[in-house]
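In the two complexes below, chain A is the common chain; its partner is chain B in one and chain C in the other.
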Partner chain A sequence: MLADIAAVAGKDLRIEWRSRVTASQVIPFAALVLVLFGFALDANRPVLERATPGLFWMTVLFVTNLAVQRSTSIETSDGARRALLLAGIEPVAVFVGKALAVAVELLAVEIVLVGGVLVFYGAEIDDWGLLVLTCVVATMAVAAAGTLLGALVAGIRARETVLPILLLPVLAPVLISATRAFDDALGSVAVQGWAWLGLLAGFGVLNSGLGALAYGVLLEET
Partner chain B sequence: MAIISLTGVVALLGRFPGLAGVDLTVEAGEVVLIHGPNGAGKSTLLRVCAGLLRIESGHGQVLGHDVRSERPAIRRSVGLLGHDTALYEDLTVTENLRFWARASRVEEAQVPTALDRLGVPSRIHDVAVRHLSAGQRRRTALAAVVVRRPRLWLLDEPHAGLDAGGRDLVDALVKDASSAGATVMLASHELDRTVDLATRHLAVAGGMVVGDHGPEVDHAR
Partner chain C sequence: MTTQVAAQDRGDGDPTRAHTGSRATRGLGLVVLAGLVALVLLAFFAAPPDDEQGDAVRLIFIHVPSAILTYVAFFTTAAGSAMWLWKRSSWWDITAHAAAEIGVMFCALTLFTGSIWGRPTWNTYWDWGDVRLVTTLILFLLMVGYLVVRSSGGDDPAVSTRAAIVGLLAAINIPIVNRSVEWWFDRTLHQKASLTDGKLEDLTLFTLVFGLVVGLLFFVWAMIHRFRVGWLEHQARAEDLDEALEARRSEAAAAGSSASGGEA
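Entry: the complex of A and B
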């Protein structure tokens, strides 16, 4: 199982590395969104500081949509999904491998975004541990849900437009929890950040569990 | 021993009946040519035999596994070349075949041999698939089937997109697989090319088998 997970994740990351889509398109897109949010709110600096955690995670959700679209299209473009079924590889391993690859790409984007909010928004970080753990846990939750929904829409012709309609509401609890935890990590609002991180971990486990259970069915049926 | 045994099999493509009651028995070592007009059900029949398509009614077995309840076991045992190549554009030829070998629990050491067998020149082994011609992709996809060493080969238009040399290689591959005891199901429109390759001809139309005879009948035509 671990070897299969490593094979799938390694394959997706190698494709990403070769195509440079994350580096040349996704990261610039994320930086643009962050800068434009900044332009929109810059006239009111306190509002920008207060909204920084939410803007950060909204940007991550937009990027997630792109990363999941890309991850899904890798398998749908030339019948690779069918070949995965024929290979007999466990669907759970495909799910975990693909979710891991999406998570790695998102974490790379988040590193750039953290730099962006420090430089462009003038944010200051009070609790690095909370910030890093929130990024890791929220990213896993987002990647798991995204990978599952990507498989759900894989057989739909208009999947590029259907995916965000499904993805954004499903990820709303993650957005809220991660934003609250970031509020504490950035010191912008006095909240119990670690408690929100615990809730976030619960969403992560839920999304991953659902994905592990349902991905095989979706791989068969879509 | 029957490798494929189907009785009254109906399979839907959406709401359209891709197969409308197929009865078929194929013995080990047979090379079966499936021919018929576009939309006749040739590819659908291959997909059912590969365990990729759920059947609506009827029953049957492929390689001793039930076509309803044991589709994953069927899939692991067959080699299917479909219309798609199932190759990742940004990976090289070797990386693609290594991934599929690993995923199929097959020795990666067989990859170079399979590529040689299909006449894929070593100069393109480390070239990304996106830079290959359609014929080179087709040969690479066939090599991925060879690596699996299947007991049942399901080939959908295997000569499509290949040059004369590639077509000869496919013919040799089918003959060798049959000699080694494997069973081959071959869907093709190219009757002239495949008439002597097969030991049995199935005519398919409207999702049903409408003719089942030896090659001598099509020869006479």
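Entry: the complex of A and C
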């Protein structure tokens, strides 16, 4: 099981590494969104500082949409889904492996984004532990929900437009809780950041559970 | 039960004569119509204006029933989705779809009446700090996504399975959305449950319960019709498939007999 998970995650990450899409397209896109938010808020430092956690996580949600599209298109081209089924790998292992690969890509983008908000928005970090843990937990949650929905839209012809309609409302609680946890970690608002982290973890567990149960059905029937 | 009625109503195999009405649903429809007229009279003329809210209180006679029916409808969708995944029963699948469509309509009505009620009462159309408001909006968006998946095309069982998973995903995420919005602002403008606080006048309470009964009857009426439309669509596609299979089989049989004739 663990070996299967590693094989699936390794496959996706290797494709990503060789095509350099994350490095050459997704990270520049994320940086661009940060800069555009700066224009939208009139480069107003106090406003930007106050809004930094929300803008950070909005950018992550946009990037998630791209990363899940990529992860899905790997399987839909060349009948790779059939091959994955025929390989005799448990669907749960495929789900966990693909979600892990998406999470690794998102974490790489988030490292760049943290640098971006430090430089462009003048953010200061009060609590590194909370910041790092929030990133890890929120990213796992987002990757699990994204991977499930990616498999769900895989067989739909207009999947590029259907995916965000499904994904973004599901991720609304992640946006709220991760933003609040960052508010605490960046010291911009006094809130109970660790309680929000717990809510994020709950979201992650629920959606990973449903994903693990439903992924096999989706892989085999749609 | 509805399945049998729908099957009888298919116009004896002639698809152009198929319809979704029956004597029972026509009767129910008339009752709903009369109920709506009575509700309008009660809500706009008979019920007294509120001491604080004035005439704006009359909106709750539509708002509260449609909010309750929204959740009834989406609960039905979630149950139907689970049953489709478990039993693969088309009955539940069509029920889930019908309830989702009607639920989205009630949900839109809830948000709309709530906003225009909020303006004179809270002095704002929309309040981000209100848990029920924001939760209902997210639920609305999730269920619009459900209908998008339904209409996205593809073969029947695949669409049903996709939609069922979206229905369940919406259902399990609603408590999380609710909790996160509740913590987010830790305050609520919303009326606490209007029915149970004992402050309503007799006629206001009567009108509210009456509105709920009329709304529920309308929901049942709309469900029966929407279900029958779904069932007829399901039948029509199954018949098309059967006819196509029959045509291919007869072609194969004809080809087979001419081939064997050639050998002799």
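Operating definition for what follows: the second predicted complex is superposed on the first by the 220 of 222 C-alpha atoms of A that agree within 3 Å, B and C clash if a C-alpha of one lies under 4 Å from a C-alpha of the other, contacts with A are read in each partner's own complex, and residues count from 1 in each chain.
In this text, contacts are C-beta pairs under 8 Å (C-beta built on N, C-alpha and C of every residue); 3 or more make two chains touch, one makes a residue touch a chain.
What you are looking at is a predicted structure, and each value in this text was computed from that prediction instead of being measured.
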One more residue to check, A:176. First (chain B), second (chain C), both or neither? second
Just checking: does A:72 make contact with chain B only, chain C only, both, or neither of them? Give me first, second, both or neither. neither
Classify the contacts of A:134 with the two partner chains as first (chain B alone), second (chain C alone), both, or neither. neither
Which partner, chain B or chain C, is in contact with more residues of chain A? C
Quick check for you: in the superposed arrangement, does A:210 touch first (chain B), second (chain C), both or neither? second
Tell me the contact category for A:155 with respect to chain B and chain C: first, second, both or neither. second
Considering only the touch criterion stated at the top, classify A:7 as touching first (chain B), second (chain C), both, or neither. first
Examine A:15 and indicate which partner it touches, taking first as chain B and second as chain C; both and neither are also allowed. first
Please work out whether A:202 is in contact with chain B alone, chain C alone, both, or neither, and reply first, second, both or neither. second
Shared chain A footprint, chain B vs chain C, residue numbers none
Of all residues in chain C, those that touch chain A in their complex: 85, 138, 141-142, 144-145, 148-149, 152-154, 157-158, 161-162, 165-166, 168-170, 172-173, 176-177, 179-181, 183-184
Per the touch rule, the chain B residues reaching chain A in their complex are 50, 52, 72, 75-76, 78, 80, 82-91, 95, 99-100, 102-105, 128, 144
Complex contact set, residues of chain A against chain B: 3-4, 7-8, 11, 14-15, 18-19, 74, 77-80, 82-89
Can you list the chain A residues touching chain C in their complex? 145, 148-149, 152-153, 155-158, 162, 165-166, 168-170, 172-173, 176-177, 180, 195-196, 199, 202-203, 206-207, 210, 214, 217-218, 221-222
